[in-house]
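Below: one structure in structure tokens.
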């Protein structure tokens, strides 16, 4: 969602909502106004972003040890369940309801999506009308995937119950405000360019992951014990689905089905490919071998880096962001190894770093005419990044301490040794390993 | 020489390994197996407890010279016990070993262990 | 497909078909009338429902024992092949051809989809025109997945040849008539609300599964021998794809790309999330642990329960159906354990029960103005459910006896012990288990 | 892409490009002309074809031995990275830029997709306008998947570095010219019917695979040592995704969202189902058992056979192509076993053969009015097939010798024994096999 | 004490297990293995029969006191035979076992079995 | 009779198998295991070398009559060595085997091997 469009869009949307609600069930007339093509693409984008959640579950699930594979996948799936419900109840209202002083949105009519269930839909720039519900569902998928991303940072060492409470609170207290500030009409809306969620999603998740990883401490045995991915094959499948889903993520964020959509999809494709290629070239130079995990990490680095920029940089800019994203992420991941903290699946090293690279870097690569004057725009970008880092960092710290002290978040050593799957869920991921 | 075979719980592999290393027993061979003993460890399946007849275990094989047998056994016992001994903690079997050959060098006997 | 729309829709469609056919290959004019946006979404929905078939194969395949994983997945894939061919030859004609006395459809022009291959397309309510072929393909995917669902009830104990014959007959003698009665202009069309297939698909499959499970008897060793899922990880991937595909299943059933589509997608999302959350809460209370299979079962329960209702209940209704669906299914599954019959993968316990919950329950939750007057609508719903249960139950019984006595359906004990993969298909699912 | 439409289409597209570029950023007016529905379906098709790449990785990855699973999947993923970048830089320009004497396309404005990034989009027949970028991205996915297909022929025995160089050159020197000749305005454009890539994609890949397999020689130990698929389960998942993605592949090639799209999707579905059914019937007769790999091979045979024909044969033709495709492929695969060469995953036996069956066979099955007069069209088809076989065959031979002698392509016996995953990538696909 | 090792066909594991339980031999350790013997068991691969050089087998290990050896062996034979004995039914190996230790309690010898 | 147990590198299984067949030792049982010895064999993980404490190995079990022991051992050694002997090539253990039973026929002793 490019911020410059969403303000008038939602403004118009809301304007239109009320009369429509007033007019009652005049569905036929409403339907006539709706652009079926844009609606179709937005429905698809919603579906594609949903696909990213099992994709993420597979990506993360394949990287942990065999005994934690289900527990790790459950983190993504639980986000679908928990945030899925919260979003319908009040999440959308908090993000995209009328702004209360720029700090948080609210609209009683959005609670349980009541006001959106009928009515002609919301206008988006250029006279594009889609049902308001579609926009709400599309946005809801972003709200689901963001906490699911964080889970990679403390994989293999949290209790399921604590995790559920944590992501519910995180969504309410961090994601929803941040989303409102930058996209929903809050105090940053219209400043930083964040097309599809560099600051709102990746930087906030990366930062939250870092804080959690530091507070919760390393997994038992880390870094002395070598911890092997149980299933890089599944991680590859997941990476494939993430790339596929990201087309919805980014190209859907144009809320259109036209040139800008095409531009967003194009740069997404190019940045992913470039990021992947860059990473395996670095590896080939540095380690003499290109790894599959490296290729996948590069895909992610490229995809994350292009996310905030997808609507506003040309293909050449996507190449730059892909290269620079992979370079920085590779450096960050190697540095983590040196520093010794345990961000299990490199949520900060990939999502945080590439998010920052993209959000700041886009300023240098904007298409002619996009954004404000250079210095101003750079300041906006830095401000957006800074706000996301500080707000997500500080409030996550409060939350993680709170949840750990009350419900309990860190998994004790005994259960870590037994593995989350058995200790927490009473199951085994790969029954095929035992005779049955 | 003896061949010491230990069947332990999977979650204790790391500790047993460390305990063996502390006793300077550095070479081991490990494999997955499943076992049936007294222990029960139900899985959950759609609202029901399902009791597998075979539970996942780890099998450790260690070839040692005779004077290391006791150290190996006590290291395994120390590493493998849950809370001072629980059902399912496992068994150790000690078999006579007639010879041992290091493939790399072809050397035989105690020095090849 | 909401029945109230399909009657006039198909009526008009057929009306238009003939002149168009008469006019010959006037493709340009025909194309001009077609709504590209709605067509796009319907093409996507078709694709998404197809995706559910491998999704189902993965879901089911992961739940059986290692030696039966391919055989179980083959049940879904064989449905794609067999029903895929039958549908093109005569399935569509039987479902959506002109009604022969309300009992079955037929239209020689629909055989091999000949009459649909040219012509301007079919009208659906509100002047939406899409190519008739798209509708035929979309519906064809439903015809494929329904028998594939049944296979879960007798997983691990049927012969492949018998299964192939069984589903072919089942499709011809049960699915096609039922589909015609409720959606295609038959004697129930316009009565029961069955937006996307509660009675036509889930209840009929659930009931067929129950009958087969009872007639064929339990798997060798059941329930004494513990039978472990070989790959809950794959089951999770499958559940993810099912959720994703269900957006096409339900939102595609609006045959539009507008408000009603958005409503259907929204309640699908909400019911899935609520169902999942409910199930793990029940488990947490009942078993002190939330399982991954529980979360997935809740997703399915929610999705099935919302299926008949997806076009006609608001978001709050979706929450109710998600909760109630999971409650009833959990109960049914636990009860099955007590009763001791062997519905291997709980086809009746999930699809049957949640289908009934949704079909009846929706009456209490309808959006203002949807459906007939309350008591009438409730009677319609009960009647629809009853017809589906009785017809699917009785004819399935006849079929299963027939196939078992002639071609042979139940797998003998020796082959059950060897496993379907090796005994029936000469293959092994996970070659990786052996050194190679 | 049906060639008869693309010529004027692209011509018009280019005509329109220039004024638009001249007009500058008049985005609003441009957007107004774009058909959002067609754009939506083309965006989706692009996404679906991308999905085929991980699908192919899974399909191929499951068929090799455990020690080569990552290395084999990397072949598909590396194509996403490498061709993804090349396509943006110059691939599209070489395929669809203005024709240089009928031999190769070029347009400086297409380099880095610069000229496509703004402007009103490209016209396609019947006044359908979509953003030119969407068409470029859709076509880019075909360029990615073609070399990835080849990789199956020399699976388990090539070095990664050599492979990367090989596909880059293959794309530049074989795919791009061939694509230009048949689709992009080159000397064959307007002759052979190749709707979605029979000659351009499947025959060229199949032929290239055959040449590589023959030149590189068999895997160490073949055919004496039995080589078992490590994961037929994953191969099934992959086959499912390929079928799903093929809807984008074929139906997207209509560059429309209307009747022809529906026709293409319909015949794709029918040919896949028929191919699958045919193959398992052959197996049941020949081997007394139907295998899962057989069913999947039949799906592929059907899909490949319909690919060139998807826009121009009716449903009954799809049935014929599905049956004949499977028959020929089954024969070819059995014959390979007799001849003893090592086309590891039967790239020639499936893609090459079914591609030829489809490209020639379609002539006999055309819808009334499609194509030229019979004999002429048959000659066109034979010519197209011949050009593809000869050009791809000869140039691939040159390339494979070149790369093998310089960078090194064939993997030495020692590394083959250790396995590609460990020897080339320093990883293991299934960590779960070892205790961790 | 003896260590009885049996290599059987995977589909007979359940029956062997039951037969052992009937003989009051309740503790066993089981693992997957592959074996090469006389048996052939081809898989199908695209129209061809592929003969794996190693077939999937199950390996059962049972530590027993001497008086149980015969019962164990005959239980295994009874459970593992296909139709009164087919190629590939497997082998039983009997090894001397010097000692056995229960990890939980540390007790040694015959009572720990 | 002896039970020969060899722990070798996975990539040498085929060669060892061939070498055994050349010595007319046709029956073997093989399983996956992991082992810790002197060898190191790092994997790569996001720019770092990760050294697994347990490396994948293959375990071969062969029951042989006494006169075959030497042939078996030297066949294994020949097949399993990398470049004339490298660290990690593995070990061979020779255990006394008291009896062997063919399940199909019930026959005992040397002829059943």
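In this document, chain identifiers A, B, C, D, E and F correspond to the written order of the chains, with residue numbering beginning at 1 in each.
Here is the rule we go by: a contact is a pair of C-beta atoms (placed from the backbone, for glycine too) under 8 Å apart; a residue touches a chain by one contact, two chains touch by 3 or more.
All values reported here derive from a predicted model rather than from experimental measurement.
**Q** So which chains are sitting against chain E and chain F at once?
**A** Chains that touch both chain E and chain F, as defined above, are A, B, C, D.
**Q** Taking B-C as the reference interface, which entry in D-F, D-E or C-F shares over half of its contact pairs by residue number?
**A** D-E
**Q** When I count C-beta pairs in contact, which pair ends up with more: A-F or D-F?
**A** Of A-F and D-F, more C-beta pairs in contact link A-F.
**Q** Taking all residue numbers at the chain B/chain E interface, are over half used by both copies (same) or under half (different)?
**A** Mostly different residues: under half of the interface numbers shared.
**Q** Centroid of chain A to centroid of chain E, CA atoms only: how many Å?
**A** Roughly 52 Å separates the two chain centres.
**Q** Report the inter-chain centroid distance for chain C and chain E in whole angstrom, where each centroid is the mean of the CA atoms.
**A** Result: the chain centres lie 45 Å from each other.
**Q** Compute the distance, rounded to whole Å, between the mean C-alpha positions of chain A and chain C.
**A** Centres of chain A and chain C (C-alpha means) sit 32 Å apart.
**Q** Pull out every residue in chain F that's touching 2 or more other chains.
**A** As it turns out, chain F has residues touching two or more other chains at 10, 30-32, 34, 43-44, 52-54, 95-96.
**Q** Return the residues of chain A touching two or more other chains; collapse runs of consecutive numbers into ranges.
**A** Within chain A, residues 35-38, 40-41, 44, 69, 225-229, 231, 237, 257, 287, 289, 291, 293, 425-428, 430, 433-436 contact more than one other chain.
**Q** Looking at which chains touch, is this a line, ring, star, complete or other?
**A** complete
**Q** Would you tell me which residues of chain B are touching chain A in their complex?
**A** Checking each residue of chain B against chain A gives 10-12, 14, 32, 34, 41-44, 52, 54, 56.
**Q** Once bound in the complex, which stretches of chain D touch chain E?
**A** These residues of chain D touch chain E: 225-229, 283, 286-287, 289, 291, 293-294, 297, 330, 333-334, 337, 346.
**Q** Given the complex with chain A, which residues does chain F contribute to the contact?
**A** Residue positions touching the partner: 43-53.
**Q** Could you please specify the touching residues of chain F with respect to chain B in the complex?
**A** 2, 5-8, 31-38, 53-54, 57, 59, 73, 76-77, 80-81, 85-96
**Q** Given the complex with chain B, which residues does chain E contribute to the contact?
**A** Going by the criterion above, the answer is residues 3, 17, 26-32, 61, 63, 95-106, 112.
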